[in-house]
Each structure stands twice: as structure tokens, then as C-alpha cells.
Amino acid sequence: MSKMTKIDIITRPEKFEALKQALNEIGVTGMTVYQVLGCGIQKGKTEFYRGAPLEINLLPKIKLETVVCEVPVSEVIRVAKEVLYTGEIGDGKIFVYDVENVIKIRTGEEGVRAL
Amino acid sequence: MSKMTKIDIITRPEKFEALKQALNEIGVTGMTVYQVLGCGIQKGKTEFYRGAPLEINLLPKIKLETVVCEVPVSEVIRVAKEVLYTGEIGDGKIFVYDVENVIKIRTGEEGVRAL
Amino acid sequence: MSKMTKIDIITRPEKFEALKQALNEIGVTGMTVYQVLGCGIQKGKTEFYRGAPLEINLLPKIKLETVVCEVPVSEVIRVAKEVLYTGEIGDGKIFVYDVENVIKIRTGEEGVRAL
Amino acid sequence: MSDYILNSMWVLIASVLVFLMHAGFSMVEVGFTQSKNAVNIIMKNFVTVAIGVTIYFAIGFAFMYGKDAGGIIGTNLFFLVNKPESMGGVMFESYFFFQAIFAATCVTIVSGAVAERTKFNAYVIFCVLAVIVIYPVIGHWIWGGGFLQKFGFTDFAGGTAVHAVGGFCALVGAKLVGPRKGKYRNNKATAIPGHNIPLAALGVLILWFGWFGFNPGSTLDITSPSTLHAAITTLLSGSIATIAALVFSKIKYGKPDAGLTLNGALAGLVGITAGASMVDYTGALIIGTICGVMMVLSVEFIDQKLKIDDPVGAISVHGLCGALGTIFVGLFSVTEGLFYGGGISLLGKQIVGVAICAAVAMTISFVIFYTIKKTIGLRIDKEMEDDGIDKIEHGISAYISL
Amino acid sequence: MSDYILNSMWVLIASVLVFLMHAGFSMVEVGFTQSKNAVNIIMKNFVTVAIGVTIYFAIGFAFMYGKDAGGIIGTNLFFLVNKPESMGGVMFESYFFFQAIFAATCVTIVSGAVAERTKFNAYVIFCVLAVIVIYPVIGHWIWGGGFLQKFGFTDFAGGTAVHAVGGFCALVGAKLVGPRKGKYRNNKATAIPGHNIPLAALGVLILWFGWFGFNPGSTLDITSPSTLHAAITTLLSGSIATIAALVFSKIKYGKPDAGLTLNGALAGLVGITAGASMVDYTGALIIGTICGVMMVLSVEFIDQKLKIDDPVGAISVHGLCGALGTIFVGLFSVTEGLFYGGGISLLGKQIVGVAICAAVAMTISFVIFYTIKKTIGLRIDKEMEDDGIDKIEHGISAYISL
Amino acid sequence: MSDYILNSMWVLIASVLVFLMHAGFSMVEVGFTQSKNAVNIIMKNFVTVAIGVTIYFAIGFAFMYGKDAGGIIGTNLFFLVNKPESMGGVMFESYFFFQAIFAATCVTIVSGAVAERTKFNAYVIFCVLAVIVIYPVIGHWIWGGGFLQKFGFTDFAGGTAVHAVGGFCALVGAKLVGPRKGKYRNNKATAIPGHNIPLAALGVLILWFGWFGFNPGSTLDITSPSTLHAAITTLLSGSIATIAALVFSKIKYGKPDAGLTLNGALAGLVGITAGASMVDYTGALIIGTICGVMMVLSVEFIDQKLKIDDPVGAISVHGLCGALGTIFVGLFSVTEGLFYGGGISLLGKQIVGVAICAAVAMTISFVIFYTIKKTIGLRIDKEMEDDGIDKIEHGISAYISL
């Protein structure tokens, strides 16, 4: 079983459509998307709500999670960087994890073939 | 410390109740559920919204995440496959990951005992 | 590249603000937050909705995910336990995972420097 | 200036209030069902209003208020051709406007009960037919000079003509289309809770608001004290029924049930509709209380014993309380009711009238629904039910946030 | 046909408009609080209406408009027994209907201020008592022939009788029940923002709509130009107060604050209520502007200085602006106001009247809330507050999507 | 008591119904846009109402209904100073109240079309200017004794004066501010779906409700049969247009489109506005059908051919259908319409009138928007557009759940 890797891309919601398309083009078809709230260097600010301080320090982000095997991880990262880069704070981050196994419920296939 | 494993099951929202019950029966009690959007082989289609094309290519899914140790991973997978299988596209996938450690906040227990 | 670790803290939504502050104080600045539903020892109960039984066995939780490297994992866990402990069921759990790599899109930095 | 103008104006205003009830119905039905079918519910409510009005204008009104033929049906005024100048003591236009806005209500009731699993085109066909043959025909019998009216059956603002008829059609429809997937597991009812209680609550309050056009407006006569009397009985019955349902659900299930409390208000409003101008305040309070409690029992009975899946409780609220309220006129009418020394004559007529209307409504709607089922089919397919009608049938979700 | 009929009709219609305000209050309170307590808010609003109407019918109206005893309280007309044919120049039924729909408003105001942490049954008890002893008694003094009315205190549509009284009860309630968990961290106020601004906005607009029944309806006389005058002053004051709050919040906090802008509209509407028929357009614009600004200051003061947690701003909107608006009648009344050459006589009476009402409202509500606190308890337990009242007390969430 | 009182009362009530349309507009605009800009939409609607009313009181009404100067503009009644006792056959106050509530509608239409990308202060400036120079001036020409009225141009309730003018300003605004980011990818239109269809549906039904004040109220005369006639044509046109849009969208796109169906109802309502009292039932049905279909075509044309981004479809619904409906009066007017033997005289006048109003509205709004663009700027910055106006400009999200 060749190595399978999970790539988590956390970025601005409005970049999602472009990212998805770019990933499709390099052969990534399966993905799962989360709506999350994040903070990193890009901090929120203190706002006022009815005059009381309200720290909005979590910004809505999306996390796109894709487990790949045949498509090289580096390729996914390259494409993501290309599409998501603006140079502004808030471009986001990519996290890479190891995956032990994948099972496709419909066919029962495991590992690479399940992707 | 015996090996702990995280199992992510991504499937149709309407199957959740049945899946939960089946997992409870084999001794899995702790779980965390995410509402996610996913695409895999099951693609969305292009719809029209006020005449403009709208790609709905993300379908609502749930991700059930459970970290197990004593309950064998294979058992969880077997049960999930049993409950979720319909043979139709969209049955979903199971991802298996390694877990380094678990801590139960209330008791401070770590590892297996925390599950 | 020194070891990077992902720490998932699942706990009560109302504890989030305090947890975030405490983590900031020990130098954790990046984090991603999920709104999830969970069940563990803290079970839901059977309620009635228009007279029909309704099992509410998933309670809303938040999952705070943070990938750390320089900040020691043990320190994060210590702080989380401190802030989140009430001794009541529902305090939550902490899961620790290994991370292979991190990339910061804005700068292209990888690994520790991306955090 | 005459009473004629004033009453025409009053009926116009009352009609406009009633119109907002369509918003109320929409919000109640949306709120009490799952988010994945919210667009479909909305669409159903819009076509119901649109089709209801259009067809009632073309045919329904003629059947209902045209020249009576044999006590069964009206026979002229199609497309309002040759309309008279006045009707019911008000300008003809006022009269028609009030009735036209009513017309779709009866069908809307059905849309709630069959929600989340009925084909859109099947529902549209039912809607068209119901506005032609169910509502106007029974309406003719009760209000248009038909045999029930001659017989002495009394239904002030539509407890039977609108609500019970709608509720009984809903019963038939919900039975024939079958329960939603997952509603009965191992033959036991499980809850499929509504997805937006605040919207449902808004809907109930909007309906209540509209009811003050529905009931007081039905006198067609603002100079008569019974108009205002009807407003007060409507207010009292709705209020006490809310309390009754709340308290009773608390006793029965241990918690004040939100869904049942909201339905309670509606139960009281439906219950008072048939007799709003005829019962006194005490009567209104008793009717409201009984309807609030009976509705709770009925919801459980229909759900768990009859195993008919009615997501919004329409059968209990409109069918049961509409029928009960109509019969109660025979007990509580201050002029002819049994409890007020009027003997059992009116009571008998009310029971017979309700029974006839219920039987006819159920028969016709059975024929319609059954024919649809056997031809184009009533039920959406499994996949659509799982994924939600919105995405498949309408190509869009009600709530989009990515 | 006579003015009598016409006015009775007008009051009926105005009452129906006022009724929709209950939907407005519900949506404002739901929108400005957290989603985990939305069902509870809804339930509170429903019981408030239901109990308000029922008890007011039984007792409240009698206390308020029954035969005066010593300028303090009304003594007949319980359950409307032996009701006269007319009252206030309109059909008695119209009069009662209008008043009954008003009755619960005062209590509804309290429900917003004590939201998210008050026991459901504690609130219900307060609601019952308030509709018996607070609103009708003070109402009797002001409108029912009581001592304040005789004294010359003037409150056109309820700036004090409804709003200020409600707001002062809210102050006491919110103080006694204490702030929501997490509201004050390290003794500093933090924001707990509302969860649905669009619903809150809808609520405000619905309230505004209803206000056109509330204020113009209070003349009970459509033939009088002051009815229409009141409609226009209501429109102007609400509008300018919206702008005032928006601009002032922008100046003060750097951003146009949505919550304060919505509250601004309400502040202007409350502010004009006491004098809508008595002040001229300029007066209305000044009153609206002042109320819009003062409300913003008051929200901050109550939140950060008094450290009383009022999730929806009810104390500032209703209490402060109701009181201010009533006092302003002494300044801006075109017939007797200080600024219009009327001297300080009316102003003095207004101040005294408001002070008495505020004191009494606060005292009675203190007694009620304090007794509840010491017996069954006012406050939900910690766990319920964390997890949301909906799930624990009502067994259901407002929004369900899985 | 006289017709005078009765009509004044009717106009008051109609105005109040119209007022709720502001809630309708808000909900439609919120529902059809993205959640991240919902607070901003709400704020825009609130300032529109508040500013609209205030400025119309100060200046707009004078320009519109003051003493005519050269057929171009009114010249007295600023701040309603020296107001007459009556106007248009009703109490002056009634007249003003009705008009003042109308005034902001025209601008509200624009707010929908430029939503999600326009600077708040830029919009506020446009709003102020539009309520001073666009709406009242064109309104003066059509209704206030200006040259179009003298010329014989006819617009019953504002098909052109309110809707077409609003729609054409919207066209200019939307063009100048440019499409939302991501609306056109590779030069092809993509959908940016609205985030809350149920709220949008509620908004449409509330608007429809208000329309029964808008159209029938515009007779200012409840004693005239044309008031009720207008109510019925409004009902029929809205209904048939709903069906037409639904069926046509189903044919064209394969699914019954929810957004277009809701817009369909509005298209029919806008379409009938200019001639509601003048066309017969058949005319109303034809007008509704055409408007329902044309609106669908127009939405696509504007979106995909003109590449103007109009999130709520305001240009098609108000601009196109308002203009069409006004022209249709020349065809369907039962007294002077071409199809009813009236020759082409009225038709010609209608076309000329609409063309003049459209040209003027577009020119003035172009000057305003262009000046704003070149000075303070029309468009929010990129970051704000990405993250949502709510968070950056108002410092708060519409929906908060953590």
C-alpha cells in the first residue's frame, strides 16, 4: 500500500471555488470541506456591540481536506499556493498528515484504490 | 500504551442515526460529528439559479469521528460498511489515522483510559 | 524539522473564550475552531417533541485545533486542563496527533517556521 | 355615505389581513419541517396562493356562489361574468376579494401535512382540483345557498368549510403518501423536529393577526356588534388554548413543548372559527381549552396510533379542532345551543353537517390522491427524500452559506 | 350610520395592528439573544400574550376601567360582567379589545430584559401578577379615572403607562436575576451579541407597523385630526431617532452599530408615545433625536456603570425613553408645554406622575421578584445556562439541522 | 360624518399597510444576498426609511406637491409649513402620511441592486439626493400637477413614478458600482445564490400584503368602486405572474426556480401598479402573465448579456415591469386603451412619459453615482468585499452562534 496523505488547506471562504477547480485539474476529485473559524497572525479586532467591547478574533475560514495518494502531495501544495497566494495576511495554511488507511464503503475497496 | 486510532466516517446525513446506534452496540460510545460538504465520485451538477449557472458540487455530508482503542478498528469498519452500504454513489468513505495520545479533561486520565 | 503536533481540544462552547485567552498567553496564536456535535460519557436524553420521542444524544461542542511546535504539547494540555476542568461530565477531551508538515501560503515557509 | 360603503371597506381591510395568513402558513410549515425541504414548502405555498386565486376567480367562485342548482352547486358567475353590483350586503368586489383570499387556505392546510415527501407536480394537481371541486362545492352547501345551509347547519367563518375540510383532506393525503422515511423505526414513531422554531412562532402570530380578519370579517358587517364580539372570542379562545396546550404538554411529557404550544394557539383559533359570533366569552374560553387539550391528544394519537405522519400537526389542528368547534356551536350558541336552552336540534344539525362534509372531503380527496398515486405517482423518490427536495427538484438550498 | 360605528371600527383595526406587535417583540427578543435560548424566548412571548389577555379579561380590565374607588383602583366589570354598551365613545367591545391587546405589552418588555437566565415558571408567575397588580393599577391611575388623571398628568398612548412602567419593572427584574454568565469578566462588560440581526430587524419594523395602531388608535376617534397627527409624529420621531442613534453610535464607537440603530427606531417610537397627539412636527423631531441619543448613552451606562445586564436594551428603550417622552410632553405640548408658553405647570405634573409610576412599578416588581427569588428561585441553574434553556427546559433546539 | 373622514381613514390604513412593505423589502434583500452582508442590507433599509421620511417631510413633499412652477417642480409646503386642511379629497395629514411612506420605496429598490459591494456612506448620500431630486421631481410631473400629468400621462399607483424610476436608478447604480467579485468568471455569469430563501419568501408575501395598501389606497377614495377593483386586479396579476414565472422558469431551466418564482409575484404586482384601477380582470391576467415571463427573460439578459450584476433582480422586477405596466395602460385601459377601442393616443402618451421618466431618472442618478464614484468612491475595498461588509463596516455578523 503506497503512502496516503491527508492535506488540510485552511483559507478564505471566497477562494474556495477557484481552489476546487484547480485541484480538479490536477486530478484531485475527492474532498471534504469544513466551515471553521480561525485565527492566526491575522487577528480580529475589538469591536463594539451596543457599546460593549466584543472581540471578534475568529474569522470564518474554510478547511478543505483531501486525502491523496497518486497525486503527489507537492503538486497539491504547489497548486494551492498558486491559487491562494495574495501576499496579504489571511492567505492561510496547509497542514499535512499521514493516513493509515482508507475504505470506500460502496465498493469495499481499501487503500489507494479507495481514493 | 496500546495503539489508538481515529476513524473518520464520511457519509450521508440521513444515515447518521443508524450508524450511531450500530456503533454504540459494539461499544463505541464517544464520537464527534461534523457537518461538512463533500464531493467525491458523486459529483454535483450544474443547476440554474435565476438563469445563471450554479455549480452545486458539494453535497452536505456528515463526518463521524471516533477514536478507538479497545474496540478493534476492523470491527468499526465492518459495522460502518454494513450500515452505510447501499451500492449507490455517495455511500461515503472511511479514513483511518493514527492517534498519539488522548487526555480526558475531567479525570486527567491519558491514553486508552481516557476513551 | 522538529516535531509538529496537532492538538484537538473538544469541550463546551461556553469555555471557548477562556481557553483561547489562556492559550494565547502561553504563545499559541494559531488555531482553528469547529462547531461539532459530540457524545461521550455525557449522554443526551430522550426528549419529547410533539409527543414523539426524540433522542437528543448529541450535544453541541467546539473543537479547537492547534498545531504547535515550539510551544510544548504538555504545556498546551496543562493549560487546557486547567481552564476546562469543572469535574462535571462534559468537560471534554484532548486528542494529540502527529503532523507531517505545515506550509504557510503567504510566505511559502514550511515546517516550524510556518507556525 | 352608507353602511354599504363602510361594510365594503371593512371587508376589504379584513381580506387584506387574511392575505397575510399565507405568510403565516408558509412560516409555520417551513419552521416545522426540515431545512432540506424549505424551498419546496415555500414554492408549494406560493403556487397554492397563485393557483387558488386564479382558479377560484375562473371557476371556484361560480361553483360556490353562483346560482344554486339543486342545493349542490353554483352555476353562473364563471370568470365573474355578469357579476351583480353587490353581494352579501357589500360591494360585489369586496365579497369576491374576501372569498378569493380564503379559497386557497383550505389547500394550504393539506400542503403542511404532506410536506417533505410529496411530488411537486402531484401537489399542484391536487391543488388545482381541490380549488375546483372540494372547497367551492362544500362551500356552496354551507354558505352559497346549498342544502346544508337550508338544512340549518351553521358555520360562521369556516370552522368546517375551510379548516375541517382542509384537515380531512390532509388526513387522506398524509395517509396515502405515507410517512417520511425514518419517521417510524421498528414500527415506533420517532420525532423529526422542525428546523426553525422562531420562524414557526412568527408564522403562528401572523396567522393569529390574520384571524382577526378571518373571523370578524366574516360578518361582512362592521355595524353589527357581532363583528367585535367575534374579535374578542377569537382573542380569548386563542389565548386560553395556548395556555391549555402548554400546561397539558408539560403534564403529559414533563416539559412545556414548544411545537404543541404554538399549535395550541392555532387549535384555539380554529376551534372558535365556526362559532366566533355565536358563543359568549365563557363559551370561547371553554372551547379554546378543550381544543388546546384535544389537539395534543390527537397529535399523539395520529402520530403513534394511526401512524399517519403529519409534520406540522395540520390534521389535529385544522381537522379535529375545526370539526369540534363546529359541533360546539350546537352546545354553546347563545341562541340555539344545548347548554343555553336551545335543545339538541342545532347540535344534531351540526353533527350531521360536519359528518357530511368530512365524508365528502375525504372521499373526493381520496379519489384525487389515489388517482395521482396510480398515475404519475404521489411520492418523491428515495434519493430525493434523503438529499432533500430542494436540491433535487428546485436545484437550490434554502440556506446557503458557502 | 354614525361616528360611533366608524370609531369602533377604527379602534378594532388599530387593535389588530397592535396585535402584530407581539410578533415584533418576539422577533426582536429572539434576534438579540443567543440561539440556544431562542425557544425559551418564544415560549415566554406566547405565554405572555395568552396569560395577559386571559387575566386582563378576568381581572385586569376591571381594576383598570371598573368603577373608580378612591382614585386607586377599579372595582367592577370583572369578567366583563355587566359591561356597558359603549365606553370611551366607542363600542365597549372595541374598547376592551384594544386594551386587552395592550395589556401584555408591558410584561413583554420585562421578558426581554431578563432573557436567557430566568426560570420559566418564575417568569410566568411574574407575568400573572404584573397583569393583575402592576399594569392595570397604574393604568387606572393614568387612564381609568384614577388620581393621576385627576391631577392632570397626561399620557397619550402609554409612554409611561406601558413603556416606562415595563422598563422600570425590567430594570428591577434584570438587577435581581443578575447578569448572564460571562457578561462581566474581571468586572468589565463584554458583549454577548444577538444571534440573528435580520430577525431582530424584521421585529423592529413589525413593531413600528403596530405602533401605527398603538398611537393613532389611542385617540379612539378617527374623526379627530389628532389621530392622523399622531400617525405623522410617530413616523417622524421613529425616523429621526433611527438616524440619531446611527450617527451617534458611529461617532462614539467608530462604526454604525446595528443593534443600536434598531433600538434607535424603537427609542423614537417609545419617546413619542406619550405625546404623539400633543406635540407638533418639530417637537416630534426633537423628541426623537434626544431619545435616539439618550438611549445609546443609557445602554452603555446600564451595561457598564450599573452593571445590569439587559440583552435587548429594554430598560433604555422602554424605561428611559418612555419616561423622557412623558416628561417632554410638559415641554413640547402645543397647548400647555413650557416651550409653547404653557408655563411649568404641566411639566411639573408630568415629572411627578412619572416619578410616582416609576417608584410604584419598581416597588411592586421588586416585591414580586424578590419573593420569587427567595422561594422558588429566579435563576436557572448553571448547567442550563451553559447549555441553553431550550435544550434543558423545553427539550428542543430552535434550529435543528442534523 | 362625511366621505371625507372615511376616505382619510382609509388612506391612513392603506399607508400603514404600505409601511410594512419596508419589512418586506428588507427581508427580500436579505434573503437574496449573502449572509456576510445581511447586517449591511438591514442598515441600508433602515436608513432608507428614516432618511426618506425625514427629508421628504422637509423638502421632498414640497417639491412634489407644492405649488407648481412651470410644470417642473413644486415650490411651497417645505416642512409642511402653511399646510392646507385637505388635499386630494382627504385630510392633508392623511395625504402626506401616505406619500411620505411611499417616498423611500423608490430608493429602497436601488439598495437591492447595488447590494453587497457599495459603500455605506456612498449609498446614504445617494439616498438623500434621490429623495430630494429624483423621486419628488418626477413625482411632481406625474402626480403633482407637472407637465406629464397635463400632457395626459397616466400612472395610477406608481408603476413608473415609484417602480420604473427606482428600477432605472438601480440599473445605473449597479452598472457604475460594477459586479460583485466572482460574479463574472472568464466573462461568464455565475450564480451567487441568496442565503435565506424562507426570509425572502416572507418578504415577498409581506410586500404583497402591503401592495393592497399601495394600489387600492392610491384612489384615496374608498367610496369609489375602483378601489376594490384595484385590489382584485392586484391579486390576480400577482397570482398569474407567479404561475407564469414558475412555469416559464421550469421550461427554460428545467426546474421551477425559487428565486424567479418569488420575483414573479413581485413582477406581477409591479406590472399592475400603473393601471390597477383602469384595466379589467382579463387585462390584469394578461399583464401579469407578460410581466412574469418578461421578468425571467430580463433577469437573464441583464445578468448574462448586459453583464450588470443585480443580486435581487430589482432592475427587471421594478424597472422593466414598472415601465411595461405603465405602457400597457395604453393598451388595456378600459376607457382609453388601444385594445378597448381607445385608439393609440393614450398608448403614445404612456410611451413618451415612460421614456422621459426613464431618461431623466437615469441621467440624474448617473450624475449622482458618477460624482460619488469620482469623489469618495462607490465601491467597498476588496478586503471588505471578501470578508463581508458586516464584519468590517458594522463590526458584527448577522448570525452569531459561537
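By written order: A, B, C, D, E and F. Residues from 1 in each chain.
Following the convention adopted for this analysis, a contact is a pair of C-beta atoms (placed from the backbone, for glycine too) under 8 Å apart; a residue touches a chain by one contact, two chains touch by 3 or more.
No experiment lies behind these values; they were computed from the predicted model shown.
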Which chains make contact with chain C and with chain F at once?
-> A, B, D, E
When each of C-D, B-D or B-F is compared with A-F, the one sharing over half of the residue-numbered contact pairs turns out to be B-D
Between chain D and chain F, two touching copies, which fits better, same or different residues at the interface, with half of the numbers shared as the threshold?
-> different
Would you say D-E or B-D is joined by more C-beta pairs in contact?
-> D-E
So, what's the distance in Å between the C-alpha centres of chain E and chain A?
-> 50
So, in whole Å, the Cα centroid of chain B is separated from that of chain C by 18
For chain D, residue numbers touching 2 or more other chains are 1, 6, 13, 193, 196, 202, 253, 255, 257, 259, 395-396, 401-402
Interface hub residues of chain A, defined as touching at least two other chains = 17, 33-34, 37, 47-49, 54, 58, 88, 97-98
Considering the complex alone, what residue numbers of chain A touch chain F?
-> 12, 14, 17, 37, 47-49, 54, 56, 58-60, 88
Which residues of chain C touch chain B in the complex?
-> 5, 10-11, 34, 36-41, 57-58, 61, 63, 77, 80-81, 84-98
The residues of chain D that touch chain F in their complex are 1, 5-6, 8-9, 12-13, 15-16, 19-20, 22-23, 26-27, 30, 38-39, 42-43, 45-47, 49-54, 57, 79-80, 91, 93-94, 96-97, 100-101, 120, 196, 199, 202, 393-401
What part of chain F is in contact with chain B in the complex they form?
-> 188-191, 193, 249, 252-255, 257, 259-260, 263, 296, 299-300, 303-304, 313
Counting only contacts in the complex, chain A reaches chain B at residues 6, 17, 20, 29-34, 67, 97-106, 108, 114
